[in-house]
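Here chain A shows up in two complexes: once beside chain B, once beside chain C.
Coming up: the complex of A and B.
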């Protein structure tokens, strides 16, 4: 256990630090409520105007929308700002001098950053869409509870894997930042990819039927779509295990890729600043 | 040096500085293109699954979508520094420097960061607009083209006005409020669908408060020769884009009040 202590400390300190910035969460929250409300209205217009059967009900699509707004900061679309600042200022040398595994050290810090941003935002969104909207008599527009107890437990496990997978993907962006010295280009490329393929843009189930298998198998479904499907009871029984298995597989694969590319990037690192 | 020449000079300097990181600039532009492409993919997926919505077809909605993105992209070319004035200029105190120069602050700000990457969004919006109009069967008479240019001008004024208002607020908050994205990006999102999809209060907001419907929905109804399902007269499409300019003018009044309120925060 002693060997893990520095990583645990790095995670905890980052988590507690970011937790201090609660007003940022509040500002983001307003934006996400508006965004979610707009999406719900558009979905309702499409569902209301059509008799065609849909793979998920409008109620499920609405819950999906609120969940994906609440979990917005879980999506791996940018580099860890601390890492990109370290790269720009030359602070990366300090990180290199620490007697810890470079990948694992950045990984836990990024995970702490992400977790601290997701938790207050998700809680705010849940209280708005899951409590305030039903109290206002708008429960059919709100965030519904999970399908059943098994769905709830599966969702909890799936969220943990989603955090690991998302951090592993964020590490790839960190490594691109390390190699190219700026994260702007990498962010510009990953945002559209992540938004679409995670299900944030539109629940993946609503894409055409012939795309469904491919959409489930690709790595980004693991950061949002799979947990939400488990929550809604859209993936049940063996489906839950398949979903968790996919998440686990991609997490391991992306970490392996990250470790490999990071060791290469560090070998030819040019330190900035002075 | 006239204001326009000075602005062109500012923009040229900004473009040159972006060219120092060519890979990043290209990736940013492609990224902007992709970001907007995925949005039309979502619209397509919904139409693919549900057929049509309240009598609107995918091609018609594509015209809305394309037009709104074209306006937003064009105004976004030069508004980045106005948007970030709170964090980048007020908090750091560098705003004082802008005030000391013998030119209006807005002129200096719109030349400060000329975002070439917005051309990615513009390109995509233009392609969707042209293809959508093709499928809808718009002939593009001179009147149609003028109508579109007028709507785009109104839309640029409106988006510019929103950003100026966002900048004006930051004179009091001393930081750039991301909540304003609700009006810019959120507005784009809202205006890319026909107004008749929304419920009453949102229609009211989009017509009378942030008049996005006036620069997109009503002009396009006129272009498509469709009667308004909500009952606005046909001539309204011709005058509606004016609302964008009115919004921009009001935003400038707020901006000037903000500049008068300004006290330096730097050291």
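Coming up: the complex of A and C.
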């Protein structure tokens, strides 16, 4: 474990620091509730107006919505602010002075940042949509429990992979920031892409049938859609393994791409001014 | 066998330029213009274990670039660098575990963490044995008078306090070489004295090799036995400060020139002032 000590410490330190930001979590939670309520009402209106059988039930679509609102900060649409700041101020020079693998060092810190933001928001969302709404007699509008125990376990494994995949994608944005000295360009492109293709905008199952295979195979389904499908029992048996396998494949592929581009970017690193 | 060996080091930067004003901006949209600037054009020197070397030179002379190459942050375009038998950029991870670096103009401690949490994080990053760490940590805290700062977030330290904490942070893993890039910049007089005194003791008592750059001539006078003057990316002089002083003294001098005068005259002599 000695070899991993730097990475574990960097993760823990970032995680514990970001967890201190209580009001940010609370504000995010309130916004996500409001937005989630709107989405639920729009979905209900669509389901009420359409006679055609839907691929997932309204109850499932509502659970999908609350889950995706609770997991919003898991989506990799921006760079790690600590990395952007280090690039801007030249703090990157000190990162180069640490006797650790440069990619892994940033990766664990970004993962710590993401995990520390997701966990309190998801917990708050679960207590609101999974406990408070049912207690108010609105259980049909609430966050339903997982399909069964297998679904629960599969979901837990899938969430871990989603965190790794999301961090690997965020690392690509970090690396673009390192190479171009700003995160603006990358963010402008990733936000619409991630929101649409992860299933956050609309559950991927509700897209046209002819797109379904492609939507499942593309990397962004792994950060939200696959875990939620496993949770709802929409992916079962071999489907669970397929989902986890896809997540694992994309995680490894995106990490490999990130390591390659980062070593190239660091080779031509310049430190400007002083 | 010298501990640090630098031979014919070269490094160029590409600078983008454009003419001022609207026309210049419009032309810049169509045609980019770059100029190549040589930061280093053949720097050579060597340093024995336990030496204390002062690196001086006008702004833009290439001092910081040299330190960044020696510490493994930048890759030189050409030339040979060897520190303790390692090539800094190629053996980066092994190399940086053995050196300590302080950049006076940047902070290596985590802005939002209390000083001591930052130290603990560095202990883990450098994989320092807990028992040794405890000893080194307590010694550094006592020497640099950090006791009352340990629980404060770094962002709330004054510059002088922060620089003392930075020095400790660079030494927790007991490096045998310390690079200091303008360690006294912006400090008040007592803080400067504290930094100088600490660096001197570290060098004399622990035998740590120190290479420092500075614009503060009192730093040089107080610390360095040997001085390298760098200008236009070349080594202009490599001698004791006394020898340097002798080369610029002239018969018309009625009184002893200050160290600032000596250095300015030397820069003049070599046309080394920055464009």
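Everything that follows uses one rule, which is that the second predicted complex is superposed on the first by the 271 of 274 C-alpha atoms of A that agree within 3 Å, B and C clash if a C-alpha of one lies under 4 Å from a C-alpha of the other, contacts with A are read in each partner's own complex, and residues count from 1 in each chain.
The working rule: a contact is a pair of C-beta atoms (placed from the backbone, for glycine too) under 8 Å apart; a residue touches a chain by one contact, two chains touch by 3 or more.
Just so we're clear, the structure is a prediction, and the values are computed from it rather than from any experiment.
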Touched chain A residues, chain B compared with chain C: B
Touching partner for A:47 - first (chain B), second (chain C), both, neither: first
Partner chain(s) touched by A:13 [first = chain B, second = chain C, both, neither]: second
Partner chain in contact with A:188 - chain B first, chain C second, else both or neither: first
Which superposed partner A:210 touches (first chain B, second chain C, both, neither): neither
Common ground on chain A, meaning residues reached by chain C in one complex and by chain B in the other: none
Parts of chain C lying in touch with chain A, wherever the complex brings them together: 13, 64, 68, 71-75, 92-94, 96-97, 99, 101, 103, 105-108, 110, 112-113, 117, 120-121, 124-127, 182
Of chain A, residues touching chain C in the complex: 2-3, 5-6, 8-10, 13, 17, 89-91, 93-94, 96-101, 267, 269-271, 274
Chain A to chain B touching residues, read off their complex: 27-28, 30-31, 34-35, 38, 41-43, 45-47, 49-50, 52, 54, 180, 182, 184-189, 191-193, 195-196, 201-202, 206-208
Chain A contact footprint on chain B (complex, rising order): 21, 23-28, 30-32, 34-35, 37-39, 41-42, 45-46, 48-54, 117, 177-179, 181-182, 186, 189-190, 193, 197-199, 202
